[in-house]
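Have a look at the structure below, then the notes.
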Amino acid sequence: MQELIKRAKELLADGTVVRVLGWKAGDLPYNPEPAYFAKDTDFADFVYNGFCGANLSKYMIEASKMEGKTLVFLKPCDTYSFNQLLKEHRVEREKAYIIGVGCKGKLDIEKIKALGIKGIQSISGAELTDEAETLTVQTLYGEKTCAYKDAMLERCHVCKGKEHKIYDELLLTSRDTTDADRFAEVARIEGLSPEEKFAFFQKELGKCIRCNACRNVCPACSCRKCVFDSNKFDSSQKANADSFEEKMFHIIRAFHVAGRCTDCGECSRVCPQGIPLHLFNRKFIKDIDEFYGEYQAGEDVDADAPLTSFTFEDVEPSVVSTRS
Amino acid sequence: MDTCTCNKNYTLDTLIPQVGVITDIREETPDVKTFRVNAPEGGKLFEHMPGQCAMVCAPGISEGMFSITSSPTNREFQEFSIKRCGVLTEYLHSLQVGDEITVRGPYGNHFPVETELKGKNLLFIAGGIGLAPLRSVINYVLDNRENYGTVDILYGSRSADDLVQLKEIQEVWMKTEGVNVYLTIDREQEVWDGHVGFVPNYLKEVGFSTDKTALVCGPPIMIKFVLAALMEMGFSKEQVYTTLELRMKCGIGKCGRCNIGSKYVCKDGPVFRCDEIDELPNEY
Amino acid sequence: MQRIGVFVCHCGSNIAATVDVEKVVEIIRQEPGVVHAEDYQYMCSEVGQAKIADAIHEKGLTGIVVCSCSPRMHETTFRKAAERAGLNPYMVEIANIREHCSWIHKDVEEATKKAVILARAAIAKVNLNAPLKPGESRVTKRALIIGGGIAGIQTALDIADAGYEVDIVEKTPSIGGRMSQLDKTFPTLDCSACILTPKMVEASAHEKITIYTYSEVEKVTGFVGDFTVDIRKKARSVDMDKCTGCGVCQEKCPSKKAPSEFNRGLSNRSAIYTPFAQAIPNVPVIDREHCLKFQKGKCGVCAKVCQAGAIDYEQKDEIVTEKYGAIVVATGFDVIKLDNYDEYAYSQSKDVITSLELERIMNAAGPTKGHLERLSDGKAPREMVFIQCVGSRCADDRGKSYCSKICCMYTAKHAMLIRDKYPDVNVTVFYIDVRTPGKNFDEFYRRAVEDFGVNYIKGQVGKVAPQPNGRLLVQASDLLDNRQIKMEADMVVLAAAIEPNPDVRKIATMLTASIDTNNFLTEAHAKLRPVESPTAGVFLSGVCQGPKDIPETVAQAGAAAVKAIGLLAKDKLLTNPCTAHSDELLCNGCSTCANVCPYGAITYEVRQVNDHGIREDRRLAVVNEALCQGCGACTVACPSGAMDLKGFSNRQILAEVDAICQ
Amino acid sequence: MLKIEKEKLPELFAKIAAGQELYLPVNISGQVNFAAWDEEVQVDLTTLKSVKSPKDAFFPQSENLYTCKREGKKITIEPEELKNQSFVVFGMKACDVQGLKVLDQVFLSDPVDTFYAARREHGVIVALACHEPEETCFCKVFGIDCAEPAADVAAWMAGEELFFKPLTEKGEALTKSLEGLLTPAGEAGEQAVEEEKAAIRAIVEKLPYSNLSLEGWNGDALTEKFDSPLWEELYKPCLACGTCTFVCPTCQCYDIKDYNTGHGVQRYRCWDSCMYSDFTMMAHGNNRTSQMQRFRQRFMHKLVYFPANNDGMYSCVGCGRCVEKCPAALNIVKVIKSFQKQGGEK
Amino acid sequence: MSIETNETFRPKIVAFCCNWCSYAGADLAGSSRLSYPADVKIIRVPCSCRVNPMFILRAFEKGADGVILCGCHPGDCHYSTGNYYARRRMTLLFSMLDYIGVENGRTRVEWVSAAEGVKFSATMNEFVEKIRSLGKNVRLGDLRCRS
């Protein structure tokens, strides 16, 4: 963390950048927030630890509109999002100085709480430099521990790799965290009967409160005005009146980001109701891989996107009913 | 448990509208029409006070807040002057006599015609469609002439074609004793032999004495300059009333949209005395 | 909200017999927005159109719904009627209650109900219609003809005679096409070359016509009136300007093993060659695949013998880019491959040939100098069998489902010519049906049977088997006498089906012209617009549109020319106003729309916008309305819904959906 | 005071639900929210906070107001029926109950919102003391005692028992209907509840936010707070989603919309959020164009405007849901603290 | 569900047809008097690529029991490439609907040329039959629209 601060201060001092986009410590051990730093004194609150899960790429849309260059710290997975935004002309490369920061998997406070740990006062072991595999949590109800792994966000278990896809320089080393198959859950659901599938999603989506957190945090959902906020399709809805609306919203949202979603996992991370929203996006990713060849959004800025290209031999839509 | 009967105590919720029948449509200007609305069984939909508004709705299309332009002293109907400027108003303009709409209200406060304004000399300053709420007050005042002092009306518009209620102005207001009407349009026009110039400038030209209470309504930019002019002329803020317009949905100060500072424009407004506006955060 | 008038057409009894028209009117009259509704016998008639105009005037209608036949039939009619009455023509929508309703349903109640729903959908749409105004685009006064056969030549001549520049692009080294390979033509038996050659000469000499032989269309962009075409002039290796056409090079060329395309591979030609004697231009090309110089690096005989110094081994393909207002496709046909018809032993015996090969054999300039002889041993045949419908009118996917149309007549011609020239040769024709509609056609066929003694047997040939004695055993069934036939023949001639030139698929894609499942180009309307492609500015000439004989081809070529001339004669074209447009407040500037636009109609610019009080510079999509053809691909690619299509807007389509699902 | 063994709670719920609708915290796919009880549901009384506050038992996320039907030119209006049967909400916390008091100020003030009023009238609230308060709680700041919730019935979970104490007439009536299942708590019970209260209060004292100071936040602080440059810094991470408002027990902004069902136009209202960019947007402009303004509005409303209109009552009850759920880790505590810090520096 | 109810069940079916091929194919089916059930209602769009997934979901929302999209055969698009995009979009959309448990027979894409009146009618007959066998769409509709 100190290296990051030191380097940021240097780049501010030599005029390379006029502001730094990073994370500021919160008032609880686990809630750092994305923040700008412009002066030396601002860095007192600077933090980079396991709870800094927020993908800062999306903030670069706004930062690209500001005067001067912004130093942004991007984790490996965030760089895919940055690339994708670059491809869509939503961020400006010249406005960003990217320091790729290492990552040893990001933590999910919900998972820690789900382990029955509450009344949290402090957490140790979440720093990138900590070698420990265990988090030690001081709580109002005594000291608790849990394995770092068990507290990790789902997305980190299926990490695409710790290689930064775009950067000006790199700091801190990463630790490989992949220990699960990215598409296993999607495949499991695909294997269910229509009734079971329906019941599963009905239950999950039934929790949706249409708060739009998933959409607003999503680097691919970068529309200035979402179709669900405009009258272009008579689709502006927040009624939450019955299950159809959530389906409409989540299917269309997933469709709109199909071929653009880098699978950064922010939607699932922020959902207040813990809906595994990545299951929608990953379904499209899996289908795209299977039907049109493997494609990773944000890997290559110049690659043709799956939904804006085609081949003459593409599968027919009837494949949906014939393949299973 | 048994069905209880306690709900009978509740009157119909204020959010539930009434059906209104359009009984007359007057084309005031190329883009303003005045709609007369009655209850389906005849008569007025409700009683109101000058300056109050109502939510007019074309079901399935949209709903909007419009000031009631007819005077409460009119016992037969309510009128709305509506300018065509969006989906709803476009739709309303396509309606014909006999068509039905829904109306709920009246909402908001009103000009203090029975309190502060009583006995005062009144100066009405309106621009364009801004005459709509003031017309209600003017007719109320004219119908209760004995309760008020002098009445001066300064009304301006972009062009001669854009002056609303011109017939009434010329045939009633101008002919009423003790009422002075000053009309102006923004730019020269062949058909126009009256005054030409913006409302705030005309106001200063006429140079009204400060023994009056001013009621101002019109486009925001006009209000801004009229207020400045009035201050310049020596009026105090306590002598000036105007209306605010924000996005409104419920009309009863609960949905949160028109909240500004501790006021809800739809409930605590739309009529504000200018010194009250000064206390609001600058978000209007 | 519009003031809508609804007009329901009886179409005589076409609609009224199954749809209760009065009831539709009665129900629709109650719909919100509908201020006028009436029915009439024939809405498309003058009286019907006048009713629309009257209602527009009297009721101040702002939107019209006509419930009638398909919009493909009369949309334009009603739009024009509305326009004459002062209404924007795009405020008219059609509810198709004939093709999509009365003609396919029998139950009156059901059809009436559906007609009401279709009318409601149209009303819902027209409520959201906005007046549209077509833009204008210029017309380049030059036509391109793809294919230099008789169809292409005729079209080119007709257009050029009208005073417009015409370019012909021909893939082979010479114009002339299939017709140049024919010997005699039915039903007059005049010599094909004698009537074709003057046309070829006329075309090449015409000052308005430029001929690109040995060339192919490489790329087409643009749209009606303003196509830009890249033509690849393949390297001929011979300088067209220097060559005198003396022919010495072909004589001296040591490589003479290349199969002659012109003779359908029945003879060989040299590596440097002109396809046939009357070729235009009379300039040879070097077939680099068979040329020793190109293959082995040594030889160079032709260069040595060429007095004019026209041989140029270094010549490269050249791309010519030219602008055209109209394009005529005249790519013609080929006979099908007979791989699927092993039973006829085509690949096993040299004496089983196609009719087109027989044409070459019968031709004096052909491989046998016009002598009828077996290709296996050069002997004169005594017994000849013709088999009809090989690959035509085929029920399964071995062949073509359609009738190739010309085979009956050319077979009669062949039979007659053989019997005339070689009276001792017996000719037997196996047929399914003999189809001879056409001027003097049936008379011609009857002459073959009655005057020339050709033996016609209605029956199918099951098998042709080469015999050890060198003859061919033909097994067939005689359907009229209901008996099996086994006979030996010396030659068997197969009337192989014809199919569109295989290159047409590529060309159609470039032109965005549609083709049917048999690769024939689709006409804009099967009856009323038979020589136009649905793609504006593209016209169809000859067999590329469907099987036809020479007179029909020439007639269609002329018709295509007239259509093209009609277009070229205009100075300006009105463009389709149903184009995409982007809402600047919603546009993300992400380029997704541009990535799917087939016309390159979307570009980006940075512009300041005022988004409800926020002023900022934004990268925004801009649609070039002259280029946009209105497909709508961009509207779906756009995630924010900024892109929409005029005339088929999101909200219009959704309104139709709602009305239907109500 | 009465009591029931925890293991008998299903019987209790069944009995309540036999007479009326019963809403209580239920775990669905890993998340606890208030939902209607039936034998299938997985009741969860140990999770401290439901994701959404139980306010939607009284102010549903979405509710129909009326249906408008059209025949030719004729319009008819069919108002939605008001709630006319009693229902029980079991397991609300002290902060949630206080949240309703805040909503009462809005919906029961003139003109009364009859839809809300009918629900309030028919709703019986059984409030549960907070067994193990958490670090995100700060109800104490607003004078709420989570050890002793004030509702129709107050309840405590202590040991293997649930203690049940009716506080109002409605509460008494409910208790009466449960006779047989509930047994007198006795001296020991009273004692156990007192111990539980003490334990709760002891933890509350130790909570990190419990001594948050609201000094300077009141109805009079309008201009000073409104004009502070701090907002410009504070709002930056805000994603403009509505999570905070939708989980909040006091947020009451709503939208009124029409839905065309094909057989009529349904007028419904649904929760809205002042954080949404189109909340105040009009055809010609928007009086809060920037996210900073919208962000400021939410907190100014809760801490300044609302107290100004309601005798100093804050429109925040310290439930801490926004603290837990904000995707950008922003929350009202950070706002209050930032102003405090700035005040200190001055 | 008993068989009787299935027989009396009249589904609502929306067919999006591209203007150039399939709409003309439907016209041809009409002029050839090739009948198919009146349950099918056609919406004309310029190209299959004009069909937004929102349209399809909207149809289901408002009570459609089946939605079919007809366009030119691949390679024959009037706009040259439109149906290729439509093909990818619909493949993914249908796959997603299948994934969330919507019966996959409720959606279909069929390529119908202007000459294929017979195919158009046969396809519609087949599709209606399929939807009848699936019964009313209950998994993807807005409850408020149920009559």
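A, B, C, D and E are the chain letters, set down in written order, and residue numbers restart from 1 in every chain.
By definition in this document, contacts are C-beta pairs under 8 Å (C-beta built on N, C-alpha and C of every residue); 3 or more make two chains touch, one makes a residue touch a chain.
Remember, it's a predicted structure, so these values are computed and weren't measured experimentally.
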Study note, to complete from the structure: With subunit A ignored, the remaining chains form one piece
Check your understanding: Taking a step as a move to a touching chain, how many steps at least join subunit D to subunit E?
Key -> 1
Review point. Counting one step for each move to a touching chain, how far apart are subunit A and subunit D?
Key: 1
Revision key, fill the gap. Per-chain Cα centroid nearest the overall protein Cα centroid belongs to chain E
Point to revise | Greatest separation from subunit D - chain, by CA centre | key: C
Check your understanding: Which chain has its C-alpha centre farthest away from the C-alpha centre of subunit E?
Key -> B
Review point. C-E or A-C: which has the larger count of contacting C-beta pairs?
Key: C-E
Study note, to complete from the structure: For the pair subunit A and subunit E, the C-alpha centroid-to-centroid distance in angstrom is 36
**Study point:** For subunit B paired with subunit D, centre-to-centre distance based on mean C-alpha positions, whole Å
**Key:** 39
Exercise for review: Give, as an integer number of Å, the spacing between the C-alpha centres of subunit D and subunit C.
Suggested key: 71
Exercise for review: Express in whole angstrom the distance between the two chain centres, defined as the mean CA positions of subunit B and subunit E.
Suggested key: 52
Check your understanding: Among the residues of subunit D, which ones contact at least 2 other chains?
Key -> 70, 255, 259-260, 262-263, 272, 281, 284, 286
Review point. If you look at subunit E, which of its residues touch at least two other chains?
Key: 52-54, 58, 62-63, 75, 81, 85, 89, 142, 144-145
Review point. Which residues of subunit B are in contact with two or more other chains?
Key: 61
Review point. Every touching chain pair, please?
Key: A-C, A-D, A-E, B-C, B-D, C-D, C-E, D-E
Check your understanding: In the complex of these two chains, what residues of subunit A are touching subunit E?
Key -> 186, 189-190, 192, 194-202, 227, 233, 235, 241-245, 247-248, 251-252, 254-255, 258, 280, 283-284, 287-288, 291-292, 306-308, 310-312, 314-321
Check your understanding: What part of subunit C is in contact with subunit B in the complex they form?
Key -> 1-3, 33, 35
Practice item. Please give the residue numbers of subunit B that touch subunit D in the complex, ascending. Key: 1, 3-4, 6-7, 10-19, 59-63, 85-86, 98-102, 246-247, 249-250, 252, 254-262, 279, 281, 283-284
Check your understanding: Where on subunit D does subunit E make contact in their complex?
Key -> 259, 261-263, 266
Check your understanding: In the complex of these two chains, what residues of subunit C are touching subunit A?
Key -> 583, 585-592, 595-596, 604, 611, 616, 619, 637, 639-642, 644, 650-651, 654
